[in-house]
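Both complexes below contain subunit A, partnered by subunit B and then by subunit C.
Then we have the complex of A and B:
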């Protein structure tokens, strides 16, 4: 078997297992996995920007939160179809990403400065939303309870199983999109920029344009994921969707999974979200406040010490799924 | 009205001096190792809890609790860097980010376990003493804390400039390979740097312990404020940290009086945006371009 066939078989096997899994697990596990898929979507989006285009954004909560608020407000307050609301939930964050990117890249803000600037934008948005009455300031937004004749395919809200499959499909779509992008011309330009921006510019890559494209695409996917978060959770607050902690949680999974690899963000989400859930449960059973943070923090330190390039490169080698030539290039 | 603003400015300058100490720590770590310490705010909170524990629980005098915080945090920073940090100095930024965020979350969790989520404050008669100079009313504790912070900041500058170890740190920052070639023990210098940087944060924490109630979740605000200050002042620039600290302190205090207390960080972020877009290297740029 060539590596390529092995990769295809593994991918199909993975999808088949996920599709059949709800038959054998309980309701709680289904909901945890739904959150895993959501985290994977955001991780895939962030990975496009950081793992491939090399732009470190520490303020992705901005796009996530705005997407969430757009969907919540449009559907709940104005009764607009959820399907249609997903369009502005992608476009508005994309426009914001475009603005943040244009502002930073025009003034050639790079590296640490760019990272800290993205934090600043996200934090400003959080503070703004906390004082903005239209979006419910600190008291947030609660979606109306579902009607008894609710059709999940219309409202995009339903029981745990509905969200499981909906988010699984969303994850597979974003995954497919990321594969297409990374293997296209754009993907090669991104990697060129990541490796050496000045050199790729000298070679004729329009770095400004392709960096902006990376931010906008990443922001759009993150915005849609945010919209789904609003639907899954039913309530949102500035702190819960725009806060610093959101930006952190959102990027830990792709880093732990393996940046600049296509499957890394998914693996990372599969590792991080259940661990997070488990430690939270642990803190609750022993009713020790902070135990979850301690465990989670220590775990992050240990994992990043053992696998600074993320877990996927190691796992892929072990499963024989990596073609070594490409692997080395794809590792940032 | 003028009185109100004058008092706000003085208070802002005083708290700004403390900010300057926190930011100096961040800047030393960044300047020498090119590492952004995302757990810096947590170090401040550790200092606050040390201050609280020494003063309120053990009954030590305030200066002693500050000293304890300084020494303890220096030792912790040195050991952390030797045990884990050094390995990450030449790793990519996002890898360092995960390490320090993990450290930050672990510390926050530990604080919540030991001290609980409720705010802890120091009650002492001294908290209410004030100096009056004309229309100005200056909180005595605040003035002492600010004075101590300034002394430490200037002392550090002098030490970094004139002592042999300080010069070695400069050399390591300037040219790592060259520094190694002339026999500087890089692992030791880096550990020393981390120790000093974290001791700055811890000392600042112990200094403000009598002023603010501590809770485990204060840390991210300190981290973000320190980031804003170093960007506004200039990454890796010591005068930048001082001026940036004072500037942010005053602008926060004025924003709290003129707009609303909750708007103060918003104003800082606006300041940050302007600086980053107009003068991205900060008000005081370090001459170096990095390694």
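Then we have the complex of A and C:
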């Protein structure tokens, strides 16, 4: 069996397990896994930009928050179909990403300076939203309760099981899109830019264009994830979707899972969120508030120590899913 | 060493096993009601969250003495609104058939999504956003007034305070923290001022960042207006900062009144400022000192939590358990539908917080909560209005900073 066959077999097995898992777990665990899928979607989006195109964004909350607000406002205030609202939830963050990218890349802002700029834009958006009455300023937005005759397939809101499957599908679609992109010419150009932007430009890669494309696609996926967050959570505040904490939370999973790997963000989310919930349960049992945060920090330190490039490259080798001939950190 | 006793280890092992073995719902015994309480017990809201927990725990003990068996599990939102939903789902999974929470409005709405899906009633202890009972949730029962009501009722009381030679304010300045609470309350104050026909002109409204560590500029701006009355809408730390800055700048208005402003009644405030914390007024939901049940609760509180103050958070934490215990007693069952039906019929006349009987309207709101006027005197908050429950006379104008001995 070739490595590629093994990879596809493992992928199909993974999908089958996830599809059947709700049959064997309780509603709370179903809900936790729905959060895992949401974190994985954002991780996949951020990984495209950072892991493949090498553009460090520490302000992805901008796209996440805007997507969340777009869906909440369009559906709850204007009664627009949630399915339709998902389109601007992708397009508006994409346009914002395009604007941030164009402004930065036009003036050759790179590396940590680009990261600082992304933070600045996210913070500007948070402050703007906190003072903008139309979006509810600091009072935020609260979605109406679901009606008793709610049809989840219409409103895209429902119980934990509905969100489980909806977000599983969203994660698989995002993952499939990232596989297609990474394995296309675009993906190779992104990696060339990541490794050496000047050299890739000298070789004829239109770096400005492809970097912008990375930011816009990443922002669009993150915006859709933000829209789903609004539907799951029911309440939005500038600080809770646009704050610096959100930007940091969004990037932990892909870093732990493995930057520049296709499965890393999913594995990272599968590790981080259940561990967080499990330790939160321990904290609840022992009535020691904050115990979970200590465990969380400890986990991050262990991962950094034993798998500085993330968990997936190591796990892939163990499972025999890493092709030694093609072993590069971006192609497990 | 005592931290890791055999019992602790066994408890931990049980927790690990229960999580790993993916358990089904652990049904509580028929005569014991499993209650899930969601609070911000860590993070920036942990201070009021822990105060609410103390009140909740006191009620559990007091009702246990009366034979009401409640198995209460606390879940921490870490002061993150989005954690409300998972906290609620975890508690429901662990067998809670009634939820209490979640102190802040965002976490409450988040938890309400899970409560609504599972058809488990949620008794709101603290949470003042109007939307909580306006979004159509069928499982919510809120025993806390919406912020606009707190302001309106408080301003009405303040307006009727007797004037004298030293206290006859014609102008006011509003200082408010620039977060959800501050923005909403600041806007509500202006509306309430007009609605109540208060004959004190608001000269300026000054906002400041919630994370501000220095309010000298804001206070000097307020002083420059020459306003007779200062209306700070604050939490504890910023209230302390404002008073310290007023002392430093020797700004002596006729009075300080924080409509719907938590903080000045906190022990942290009166301890930090001592005599300078006196005369500060606020209007918030508070206990009724004249009621027998309040005296009983305060007496037990001083035994259980000596050194801590029984205030708004502890009071509504206590009442949330009273509401649940009352519904449990009447329902004579632990199922969520039976508890929901019983909660709808709630009518509790004897309870510690000021106001009429605890009842819930069709939206799940208790509309009978009263708002007294408090003034710090002798280092503690005392009810000074309305007269029917006042435990001290209002002292105005406030004593000048330099004259406090």
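Going forward, the second predicted complex is superposed on the first by the 322 of 332 C-alpha atoms of A that agree within 3 Å, B and C clash if a C-alpha of one lies under 4 Å from a C-alpha of the other, contacts with A are read in each partner's own complex, and residues count from 1 in each chain.
In the analysis below, contacts are C-beta pairs under 8 Å (C-beta built on N, C-alpha and C of every residue); 3 or more make two chains touch, one makes a residue touch a chain.
Since we're looking at a predicted model, the values are computed, not measured.
*Asks:* With both complexes superposed on chain A, which partner does A:91 reach: first (subunit B), second (subunit C), both or neither?
*Replies:* A:91 contacts neither subunit B nor subunit C.
*Asks:* Between subunit B (first) and subunit C (second), which does A:124 come into contact with in this model arrangement: first, second, both, or neither?
*Replies:* first
*Asks:* According to the stated criteria, A:137 is in contact with first (subunit B), second (subunit C), both, or neither; which is it?
*Replies:* second
*Asks:* Which partner does A:147 contact after superposing on A: first (subunit B), second (subunit C), both, neither?
*Replies:* Only subunit C is touched by A:147; subunit B is not.
*Asks:* Look at A:314 in the shared chain and tell me whether it touches subunit B only, subunit C only, both, or neither; answer first, second, both or neither.
*Replies:* After superposing on A, A:314 lies clear of both subunit B and subunit C.
*Asks:* Would you check which partner chain A:21 touches, where first means subunit B only, second means subunit C only, and both and neither mean what they say?
*Replies:* Neither partner.
*Asks:* Kindly classify A:244 by the partners it touches after superposition: subunit B alone (first), subunit C alone (second), both, or neither?
*Replies:* The first partner, subunit B, only.
*Asks:* Applying the document's definition of touch, where does A:290 land relative to subunit B and subunit C: first, second, both, or neither?
*Replies:* It touches subunit B and subunit C both.
*Asks:* Using the superposition described at the top, list the residues of subunit A that contact subunit B and also contact subunit C.
*Replies:* In the superposed arrangement, which is not itself an observed complex, subunit A uses residues 130, 289-290, 293 for both subunit B and subunit C.
*Asks:* Which stretch or stretches of subunit C touch subunit A in the complex?
*Replies:* These residues of subunit C touch subunit A: 8, 11-12, 14-16, 19, 22-25, 41-42, 46, 73-76, 78, 80-82, 85-86, 89-90, 92-93, 105-106, 109-110, 112-114, 116-118, 129, 131-132, 135-138, 178-180, 182-184.
*Asks:* In their complex, what parts of subunit A are in touch with subunit C?
*Replies:* Residue list for subunit A touching subunit C: 24-29, 31-32, 35, 130, 137-140, 142-147, 158-160, 229, 232-235, 237, 240, 277-278, 280-287, 289-290, 293.
*Asks:* Spell out the part of subunit B that touches subunit A in their complex, as residue ranges.
*Replies:* Against subunit A, subunit B makes touches at 36, 84, 87-88, 91-95, 97-99, 101-113, 116-117, 216, 220, 224, 227-228, 231, 235, 262-263, 265-266, 269-270, 272-273, 276-277, 280.
*Asks:* Please give the residue numbers of subunit A that touch subunit B in the complex, ascending.
*Replies:* 50, 56, 58, 103, 107-109, 111-113, 115-117, 119-120, 123-124, 127-128, 130-131, 244-245, 248, 251-252, 255-256, 259, 288-301, 303-305, 308, 332
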